[in-house]
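Both complexes below contain chain A, partnered by chain B and then by chain C.
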Partner chain A sequence: GPLSERRLMDVRLGELPTWLVTCDFSPQGLLGGVRRAWSSYYNKYINVKRGGPAGISMLLAGYCLLSYSWNYQHIKRHRWRKYH
Partner chain B sequence: SFFDQFTSPCLLGIPLILPSLLFPTLLLPKPGNRWITNRLSTLQLWLIHLITKQLMIPLNKTGHKWAMLLTSLMILLLTVNLLGLLPYTFTPTTQLSMNMALAFPLWLATLLTGLRNQPSITLGHLLPEGTPTPLIPALILIETTSLLIRPLALGVRLTANLTAGHLLIQLISTATTALLPIMPTISILTVSVLLLLTVLEVAVAMIQAYVFVLLLSLYLQENI
Partner chain C sequence: VLHTVRPVHTGQQRLAPLPPLPEKGGEVRHGLIPEEFFQFLYPKTGVTGPYMLGTGLLLYFLSKEIYVVNHETVAAVCILSVIIYGVKKFGADVAAFADKLNEEKVANALAVKNAAIKDLEAAIEEEKKEQWRVEGRSYLFDAKRNNVAMMLETNYRERLMTVYSEVKKRLDYQVAMQNLKRQKEQDHMIQWVEKNVVQSITPQQQKESVAKCILDLKTLSKSAQATL
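Coming up: the complex of A and B.
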């Protein structure tokens, strides 16, 4: 279909800049993008009949990574500290 | 210093407490209008039924209006406490300000409900039945103090338990890593203590949430 209506995974690498131009970067557009991403993750890994711990564990691992990056400025001083 | 884990670091001006309070909403999906959805929704539904049934059995009809408030408070405390046990995460309930903000208005609401709807019964709780007459003035003072100290106790109990647990985990893990090059056997002993402590912390996280909400429902029972 037309370039603006294709999802990110269906866009070829050479067409990426043109696709980015057609993207909607207003607050509503970004919010809609986040919503679509979350619902595709949810429907693929969690909203299945016989889901396992994997769906939630990936979320929790991502949360740990996010917290680490939030704390990074403080944590990077731990390496050379003499007394912890 | 060891208390640095309880500060809320900022990234681009946004403190970590905000995503740590909003993240549990991702873990609790909305049940759709199908009868059988996914396993996570089923588990969540079972848990909420269990909690609400336990909380609402001792309360009368008017007390059931508090069901949504108490159940959502319970779910919030459970998820926030348990998420705080993951590495590098921030536990909002270690902050005394947040726990007092939860405890004080809810306790005050139970007290004012009692004083407004049944003032003599509420004041009557200040004197237990069957006290000997000479003891009455002292006992009233004691009961009033215990009544007024309830919000402080609620808030500080939650804060102190979680803070102490996190601090212990940090101290023992520091000891383990420091001892590893020097005395490996002692290090292994410390690791086993750390494992037991982590199990205890998971239990404490759940118990403290339960105790908080249970005490609130008890204060509600007296006053409604």
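Coming up: the complex of A and C.
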């Protein structure tokens, strides 16, 4: 289909800049994007009859990574070696 | 104008109920990495590609100390080991319990639906029987009409009888009156005649009649003696 209506995974690498231009970066657009991503994740991993630990564990792992990256500047001071 | 015409139900009509939830979620390997990632790397690197990538990344982060080993690492290892042990040991039981809860809910809903269907079917049967009964209406009305006609007839005849008896009573009364009157007149007249006759018999006449009777008797006795 047309470029603006394709999802990120269906966009080729060369078309990425043009796709980014057609993207909607207004607050409503971003909010809609976040909502769509959340609901697609939900419908794939959580709204099922027999789910497993995967649904929540991925969210928890993402949270761990995010919080680690937010605190990286502080953690950097507890390195063991000065030169790598 | 209160009753405006407004188009309703113009959207796409969905004839089926909501689609059921999918049975299983998206495939995830080791509980953390979706299967799509492995499929994405498979054409270029085969089966071991993602694992090599993971090992390489881990060693890189450790050696460059982008991931710093500190007290939090120890805590994370302990927590993760406990969680993984718990999930591996009790996962199946918890899943079975949750499935049982779901089963009960679905069974309840199904029971309600079946009960409703049964009630409606029974109502349909009742309705059919009522419709069959309606066909007998004509007989019922005929019987009722006969009853009413008979009652009317009976009433009419009773009234005829009443009229007849009343008229007869009056006529009998008249007849009885006339008879009574005639009888009274007769009695009265006889009495009057007798009274006058008795009155008219004077003592003179009485003696003459008695003498004549005696003469008659003597002659009669003489004739009787003569015949003997």
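In this text, the second predicted complex is superposed on the first by the 79 of 84 C-alpha atoms of A that agree within 3 Å, B and C clash if a C-alpha of one lies under 4 Å from a C-alpha of the other, contacts with A are read in each partner's own complex, and residues count from 1 in each chain.
The rule is simple: a residue touches a chain if its C-beta (ideal position, glycine included) is under 8 Å from a C-beta of that chain, and two chains touch if they have at least 3 such contacts.
Values in this document were obtained by computation on a predicted structure and should not be read as measured data.
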Superposed partners chain B and chain C on chain A - clash or fit: fit
First (chain B), second (chain C), both or neither touched by A:Ser67: first
Chain B versus chain C as contact partner of A:Lys76, first or second or both or neither: second
First, second, both or neither for A:Asn47, with chain B first and chain C second: both
For chain A as apex, the angle formed with chain B and chain C - C-alpha centres, to the nearest 10 degrees: 70
Partner chain(s) touched by A:Ser26 [first = chain B, second = chain C, both, neither]: neither
Which superposed partner A:Gly55 touches (first chain B, second chain C, both, neither): both
After fitting on chain A: smallest Cα gap, chain B-chain C, Å: 5
Those residues of chain A which chain B touches in one complex and chain C touches in the other: 46-51, 55, 64, 68, 75, 84
Contact set on chain A toward chain C in their complex: 44-55, 57-58, 61, 64, 68, 75-76, 78-81, 84
Contact set on chain A toward chain B in their complex: 38, 42, 46-51, 55-56, 59-60, 63-64, 66-71, 73-75, 84
Parts of chain C lying in touch with chain A, wherever the complex brings them together: 20-26, 28, 31-32, 34, 63-65, 67-70, 76, 87, 91, 95, 99, 102
Residues of chain B defined as touching chain A within the complex: 4, 7, 9, 11, 16, 19-20, 23, 26-27, 29, 36-40, 83, 86-90, 174
